């Protein structure tokens, strides 16, 4: 039934390659099928002005797509003069999601910026960004702990995200682009390694869904996140 | 337990005054307690370029806050040179939500822009905008039908929205600002008059929530939306 | 002769409702016929950088129109990315006019920002903004004086404004939109309660006027301002 | 009494050098004392979109100051990313003023853009721009008439402008910068060669003025404009 | 003498991996030592407006750096609201350089946009972009020729670029970042496979150079470009 | 062979008029044939933030063209909302070139901004800006030395620039606009009074050139710069 031939509860193959760039404190290239996102974590020993002297750190995120990461070339946001609404929404989501898994007191007065740049897109880039972004963050924090700059680990539980949607009337897990562009209902679930919810965003355009379907989607998401968390743990080991 | 003394499943008082401005094809002033939003629906006999000659209409929304709608004065977005990320997110949500309740074929090749401008804010402005925005849309469509420009009603089912969240560990309905600023988890449910889901956005910052809590929040939202739909129907009668 | 049937020296009915929003230090909704402007005065206990430690306060103004305050929907300035030339001109005029009636030494080192947002437009919005803006300012200052933060009243004399123009060859007072859009000559007079001039702006497009006509317009303006000042006094009493 | 030693009704020396640039259809360098403005008129055989096929022409103006035209260097508006409020106000005034002296039917469907660039500033740049701008416009129109592209002269009457103000309590004509920066009341009068008014802009900041003073200022302006019109006629002869 | 231990006329190791992204018509990842640039060529069957119906094609380029491609994180240009001066200079150079090697008549009325995105930077990113950009362009043109859309090859001769500079008083080839940041004189030579010059940009900051040194730099460049052209040919074979 | 009838190694007539504006610390109007550029040097007793307390000065440049300096009117960059790529490239070149001739230690902690505004353009405006810009800088520094604010002259050697190109197959010196718009290869040489090179920029569009031609162009440039340096010296004497 699915264009890719996958089962309704089957994820695309996931790979997470770490330490892919020499400058960043933490980095990985995450591949969810044909969706490839480069995630880097950059450390700065300062916090935003409104957090100064609060004894807490900050984690923020930015998101971008290379102009030809997509099927037809997109205009570069730097030439358009601003980030589009979709970009802003996505990077706010990534930042919120990652922060939900951080003990900001334990991080101390420093900021980590996670950049998620889509090299190749085939659906689910924001979820891949969160999952890969957490790995980059984990590696940067490891470096701080190894150097003794942090004593208590501020990352309690992995943060992962997966998309779900209703495709051809059927709830399915981890939509690729052909599914995403047809689905009347789709969204994202951000969860922790222990199955707690961080963010739920389900959205219908030109359609609606029932509470029972919502429940089914949540079940699929739990399965998907469990697999992603295993991949994150393996990559950081 | 709630600052306002309301029960956990108790809405603020709702009022919807219609036809509040002489120029707009449809308009209302919605008040959810101390949150007041002016909603206008503006009709244009043309569609966006990418929809031309498709035999379908379009509904879109814009959102704004007056500088002193809030407790301390906010900078005017027009002087800042752009709409902020929050504004963009909200107006995309309003537009998607309203479109989910529109038969765009039946609307015909015309566009209706729903402007939601917050006169006074006390939490829940985006939900009030959706609920009031639908009333303005309904009134503008009524005018088209009365004039015979539309024969089959494109608005099948009301669209309403309510916020829910976890305040002091307890799921509560329709957060006001004092609750909203303290809640570790909060979000919005957009639903139809028949109880179908259009959009679910639950989000935790510095916290997480369980699937059981999600279920409880959904139950509260169903109660709240039912009351709002009744208020919409009364206002348009 | 006038579309509204008014006499050449007859104002539209004026109403000024005060304390219309719970957050602002001072506020009113002024209605000049079908022109409705919401004016709020916001107090900040700091002055612009170039005034620091000068022992003086500052009063400034911003102006906006809701997108559907007009007959056909206008583009929101926040989406256009900047305030248009007309908006900038108007808010500079409002600010200058209000400052002319303020003893800035007596105000002390604080800033009051007067926001004038047009809810519904039917000509004369800048004049209504000045007249209503002064009322909002008066109420905010009253609050400061009541609290003992200011001892000597910095508002010596009310500031009011009225438009005049030559419509169908005849000088008339307080133009509404149908007159304004036809008038070859029109402008605004800002005056004090004691009849002193603050600002005179008469402008012809595709036409000219004589010194005698200028004199006649000034006479009409004096009559109009006297009525407005009475309304301001009644509203603040 | 005046810093320059001039009488209250004495203009600075005026010179208008024509045809100062080889590309423009009309050009002049106007000097009002130490205020020097380069004015060019550029002809295009098309009109703005909203005027197409209306059988009328258009005249518009732009204004700029070289960064070091002033006593201390100003930021270049092109690097600031936009024209400031003052610039926008001034160029709208120049455009309106020049159009008031143009028979747009006689001009035919073409546009003339008058650029006024301040080479050196010493007060009164907007008035010098109007006066010099009219000369550039006159020369460009002469060229069109000589070529037979226009048969009936669209420029009926010269347009000139002069500033007036109250300096040290005394109405004075043609303020230079030392006067302008001290005057509590100042403004501009735009008039035609036959003494008709086009625009009156008097403005007080931190002061007010009486109707009698307004009258005196208007008398000074009439004297000044008469002298400027003579200079314009001599330059174009 | 050189930080890397290379000889003065020794290039860094070069690798060019082709077809690295599934969407672009042509693509490669070029590595000049630790400088890694992803180059994609995107085909559109239309030309810029000013070239329509001229029977010619167009080649243009855009350049970007990922925020953490550099040693310390750079601000994303999309959030800064515009491309910086350096970016604009570089992408104009890439576009001009590639066009110099294209027979635009033979290309036909189509546009190819070459995007060069720096994944990791260690000096010489603009030269790597030109060299890799030509490979992406070559592969996209190959696809057009294979499909029969182009009959005569529009790419006559490879285009390559290399940096040279005076480091510690000594002309050296292919500067890496430690050299580049210290060199008083540096620049770029863009040349064809047959040794013709396309662009020469030598620039001193806080220093000068002699005509004899210029000659020596040109000799080094010729050697470097010959090696790069061999690598381009091998990659495209 | 040349449209102007000049020999291949013949410059246009050069004139440099100094002290042309009363406000700037140094100024000149340079004319290279019909190319006229107004250059001003503005002194500020502060340096950019990144240079504070480094005991060094800074020289920077900005460049602009009046809208009708060109054959057809150009859009004003201030209305376009930003400086174009060409402008940014040129002003960076002017700044780098002038700094190469400045001993920044000797200048002391102050900044000089050189503004180059093109009054009339006929090719070679960036070279005229450098040559005239140096004169303005020289005059401003003279004033500082005369006042005793600087003891050791920071301007060691004049900086001049000339354009060269291949027109109709023939290397020629100092291209005017008719040549520049036809030349397949053209560029600029910035040199010192003693013949040292500061910047070489040769660029081909739709063409290439040989090393021998490069050599010939360099010879022409040396001749041209020698003449310009003589003109600079005469102007400053």
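Note that the chains take the letters A, B, C, D, E and F in the order they are written out, and that residue 1 is the start of every chain.
Assume a residue touches a chain if its C-beta (ideal position, glycine included) is under 8 Å from a C-beta of that chain, and two chains touch if they have at least 3 such contacts.
For reference, the UniProt names are A, B, C, D, E, F = Ribonuclease PH.
This is a predicted model, so every value here is computed, not measured.
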Shortest contact path, chain E (Ribonuclease PH) to chain F (Ribonuclease PH), counted in steps: 1
Maximum centroid distance from chain A (Ribonuclease PH), chain identifier (CA atoms): D
Chain B (Ribonuclease PH) against chain A (Ribonuclease PH), contact positions shared by both copies (same if over half, else different): same
Label of the chain whose CA centroid is most distant from the centroid of chain E (Ribonuclease PH): C
Approximate Å spacing (C-alpha centroids) for the pair chain C (Ribonuclease PH), chain D (Ribonuclease PH): 28
Interchain centroid distance [CA atoms averaged], chain C (Ribonuclease PH)/chain F (Ribonuclease PH), Å: 51
Inter-centroid spacing, chain D (Ribonuclease PH) versus chain A (Ribonuclease PH) (mean Cα positions, whole Å): 59
Residue numbers of chain E (Ribonuclease PH) (touch at least two other chains): 82
Sequence of chains encountered when the ring is traversed from chain B (Ribonuclease PH) in the direction of chain C (Ribonuclease PH): B, C, D, F, E, A
Chain B (Ribonuclease PH) - residues contacting chain A (Ribonuclease PH), complex: 82, 85, 88-89, 92, 96, 99-100, 104, 187, 192, 195-211, 214, 218, 222
Of all residues in chain D (Ribonuclease PH), those that touch chain F (Ribonuclease PH) in their complex: 21-24, 27, 34, 38, 40, 42, 44, 62, 64, 66-73, 76-83, 87, 113, 115, 117, 119-120
